[in-house]
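Pasting a structure here, questions to come.
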Amino acid sequence: MEIRKPLCGVITAMITPLSDRDTLDHAGLERLIEHLIAGGVHGLFILGTTGEAPALSYRLRAELIERTCKQVADRLPVIVGITDTAFVEAAKLASKAGKFGAQAVVTSAPYYFPASQVELLDYLQHLAAEVPLPLLLYNAPTNTRHTFQPSTVLRAADIPNVIGLKDSGGNMTYFHSVVELLKERPDFTLLVGPEELMAEAVMLGAHGGMCGGSNFCPQLYVRLYDAAVARDLDQIRILHSRVMRISATIYRVRQPTESSYLKGLKCAVSLLGICEDFMAEPFCAFGSAEREKVRKHMVAQGLLPGLD
Amino acid sequence: MEIRKPLCGVITAMITPLSDRDTLDHAGLERLIEHLIAGGVHGLFILGTTGEAPALSYRLRAELIERTCKQVADRLPVIVGITDTAFVEAAKLASKAGKFGAQAVVTSAPYYFPASQVELLDYLQHLAAEVPLPLLLYNAPTNTRHTFQPSTVLRAADIPNVIGLKDSGGNMTYFHSVVELLKERPDFTLLVGPEELMAEAVMLGAHGGMCGGSNFCPQLYVRLYDAAVARDLDQIRILHSRVMRISATIYRVRQPTESSYLKGLKCAVSLLGICEDFMAEPFCAFGSAEREKVRKHMVAQGLLPGLD
Amino acid sequence: MEIRKPLCGVITAMITPLSDRDTLDHAGLERLIEHLIAGGVHGLFILGTTGEAPALSYRLRAELIERTCKQVADRLPVIVGITDTAFVEAAKLASKAGKFGAQAVVTSAPYYFPASQVELLDYLQHLAAEVPLPLLLYNAPTNTRHTFQPSTVLRAADIPNVIGLKDSGGNMTYFHSVVELLKERPDFTLLVGPEELMAEAVMLGAHGGMCGGSNFCPQLYVRLYDAAVARDLDQIRILHSRVMRISATIYRVRQPTESSYLKGLKCAVSLLGICEDFMAEPFCAFGSAEREKVRKHMVAQGLLPGLD
Amino acid sequence: MEIRKPLCGVITAMITPLSDRDTLDHAGLERLIEHLIAGGVHGLFILGTTGEAPALSYRLRAELIERTCKQVADRLPVIVGITDTAFVEAAKLASKAGKFGAQAVVTSAPYYFPASQVELLDYLQHLAAEVPLPLLLYNAPTNTRHTFQPSTVLRAADIPNVIGLKDSGGNMTYFHSVVELLKERPDFTLLVGPEELMAEAVMLGAHGGMCGGSNFCPQLYVRLYDAAVARDLDQIRILHSRVMRISATIYRVRQPTESSYLKGLKCAVSLLGICEDFMAEPFCAFGSAEREKVRKHMVAQGLLPGLD
């Protein structure tokens, strides 16, 4: 299966179902994938930040790619995060993604070290040449402390197999700048990361969003995307408000924010009975007090039946 | 004249026309105000970041308030920035704003020192009690390193004369959170700061925007606001693209970004013959090379006639 | 009295005794100054960060300068912080400092706005020309987000009345770089800000330190300075350890750190009966629970007699 | 060979000699190790930040451990960086370090994700339990955005095989706090990272330093360490000034700073003919213009003979 250019819709930034630090929850993974396909999402992004990729062993990452591709069986595009601090390891993951049948790979900047825009562009050129699949850039300044400047994205778009950008920075001025610069390249995929910004991004030029929340309620994000494409602002406001409520409750059960997002999200999926919420270090799953809070938020928002 | 609740539309974050470090450009100020009123903006915000307020003497700030109010003569609401590190000085400015006939004042957090959310709320309560006018909060983390957390905004909204929030943080997830929290308060004004985000903010719940760019082309921002209110997405995309082009060119003639925004903006107004572009320390106006670049960008974008 | 070049020893970054937001505690101020002179410090620095200067009205700042100079009566050099976001206000304060008989003024970068090193140097040149006194630079990146790069300090050292630098950044690599660059200028004063770093700074080239803790126990810091000058490492280690203990206890009664430093320090002085611990917004003095903790720390460290 | 407790002296944070992205420069590695041993350093720290560890493949990291241990042959302790975002990979590296005969391993916080102090302590406890060697903590906030708070270090010091801390944060107040807290644990190794701070750290309680500069001039750092132990302040000042001159010249040939440190350092070693200066992505070695600048600095400082 070849990937559509541009890639449109809701791509689930998939959590990684774990039953232990280095053990996939196989049954959970199968249920999760079927839940997402049934929910109507347009693609899967595995091994991203939401998938805890940097915290997983390479062995497990490879296993996840293989099992996901096999289970999906070309019903959806599977996109694989290969971001790494080491070039060689990123290239190896990309090669595995190609071998197991994924449709594309995604890389952010090699974090840990600082790097100039020239060095980042060199990195992308070297990596793209080693990667047997289409490559998307992943702008993730919060975690990597690197930003692909709009002009760097524009130059990277000339690399043959670089097909798009996912922006998780949360800075819509940045995103609009990239949209403006890439106007002449309607085939270049532009996806937005924080699900809280998908509606406006799609109205103003994005092709879709990578939504973590679609792990537990895929329909909500799919309907929001559809409403944004249809320019149905009344509907957008209703659905966007639901997205913001999830963001303000389920993702904020405990501070700090980013970790509470990952923990709340994984907890919510597990409360639906889809998979366990084991988390790799440095995180650990919510304890029973936080779990109960997530449950109550889900019930209050109609995302889970009450206990009565 | 009493201020409308909520305050809607394009509020110009007005530059301060200077002919020297401590001298207002009187003729320039008059021309600028008439230009803005003729351009259809819905209010003036003086002594904000775009107005270089922190760099101006208190004497000049008072003079600016007096002259602006006199010139505007209630044709538009005049909103006055009183942000200060010293409570007493902020209260004094507010008192002058009241005396000279302004309609509201705006304060961000007292910068320089760190402060907790509790301290920020205390500050707002103490200050609001001393201020003879309606008060808007100004979330400006870039310059003040303080964020009014959404829950702090919600609490501050209960202070009798606190009537709204201007958010300049550029983080739309934050802005949407505040919109969501204040749903039951349709009278509470919500304005967005970066002009690059006004369209989406208005479509999703903001009442308007404070736009620096409206100093030189007020109609563009007014038309964009109107299109957002009318939900005319085709028109929004065309106008928003023009706003982004200004942002990517006139505001980026020299790095760093924030300083190049202020310099580019003031230069653009002066190229229209409205006022001088003298800037108070720590800034100085663009030299002839940068000025020529700004001019070329303006000509290319139809904002200034060519030289032919 | 003319200021020594270089200025050596322990300069107390003096707290501002307040009995209300805009009211000096006159008796407290007198007691504090006598306490410091009796304690052997080598100079007073008023209206710095520790003096809460940015939070005070200009009227009160002028009053403090006048009263301090009068009370000190040339027994010690009085150095006045004039840091401001507005050039004109900084120059006015400097002029008052000159009029009331202070020996020098201190300025950090004009905060709020970003500024390049060229703009900072221009600022210093313009300001120095308006200032009737010797001027020290104040590197305070935590509060101002600006750093005077070592090369900027070197250039500023050529401005006739610029006589030194106080570095509060806490980055000793930066400090050593400045020491190295200014080797040929033995008259140029180099003071270090955090009292925790005075010992090593003096051993490696600094002329002294501006110590907040010397407000309540001046002798400790004076003895540490003397030991550093005498290169008595056994003594240095003992005294430095006491300084670190104060830092880890009295200054950390409540987070966040910087605010807890100011609150703990002012509380400690008030526990000695020297002055009240009223604080200007955005801060407020410690409540009784925190006050009791500070008291216990002081008793445990022999800084206050026990209650028995 | 068992590691001394505490571990004292100059530990070279060793660069990794590469002839290609995934190829060790074997001859260069041998020459480098012999150069360091001949230079009198007290230990080797491989696979740290200076060793570009995060940018290297796991295969190459294992090879480097094996070859280094073999070449060193217990003449010096070999300490191995195992910092990783993935627990399982860190544990694997530690196991290899044990197998090949290293004396200890070093870990910073698992970067990429944010983590609380509780999570960091849990991480250390879990990891220490899997590690067959003594473990040092590595406080490296610049690269990892995590700080091991002093209280976390104190708790971690109770884990049986945790034997020390290397602090690369450059904040001496932090370092002194840790020294103070661990006073009762004279066996707990405290090393300081930036070589610019080794002298003062050793005078005030550190056991030594991890110095990148000792890759090319080991004697300078060894002599500085010896002078610090001997409390010979005249000698310290002379040698420290040489260290600062290297820091201000060879490490600053091109900005940004951190990358220019690594490039300048590797270039300097290669100018001595010890090994190539190939660098793994995201970096690349200095071009001929920068190389010439480094050469000139070295000649001017007597670190390389002139060309005449």
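Per-chain residue numbering starts at 1, and chain names A, B, C and D are given in the order in which the chains are listed.
The rule we apply is simple: a contact is a pair of C-beta atoms (placed from the backbone, for glycine too) under 8 Å apart; a residue touches a chain by one contact, two chains touch by 3 or more.
In this text, all values refer to a predicted model and were calculated from it rather than measured experimentally.
Colleague: Compute the centre of every chain as the mean of its C-alpha atoms, then state which one is farthest from the centre of subunit D.
Modeller: Max centre-to-centre separation from subunit D belongs to B.
Colleague: Round to the nearest whole Å and give the separation of the Cα centres of subunit C and subunit D.
Modeller: 35
Colleague: Based only on mean CA positions, could you tell me how far subunit A sits from subunit C in angstrom?
Modeller: For subunit A versus subunit C, the centre distance works out to 49 Å.
Colleague: In subunit A, which residues are in touch with two or more of the other chains?
Modeller: Not one residue in subunit A touches at least two other chains.
Colleague: State which pairs of chains touch, listing all of them.
Modeller: A-B, A-D, B-C, C-D
Colleague: So in the complex, which bits of subunit D are touching subunit A?
Modeller: 21-22, 52, 54-60, 85-89, 92, 109-116, 119-120, 122-123, 126, 143-145, 256, 258-259, 262, 280-284
Colleague: Touching subunit C in the complex: which residues of subunit D?
Modeller: Going by the criterion above, the answer is residues 150, 170-173, 176-177, 179-181, 183, 194, 196-197, 199-200, 203-205, 231, 233, 236-237, 240-241, 244-245, 247-248.
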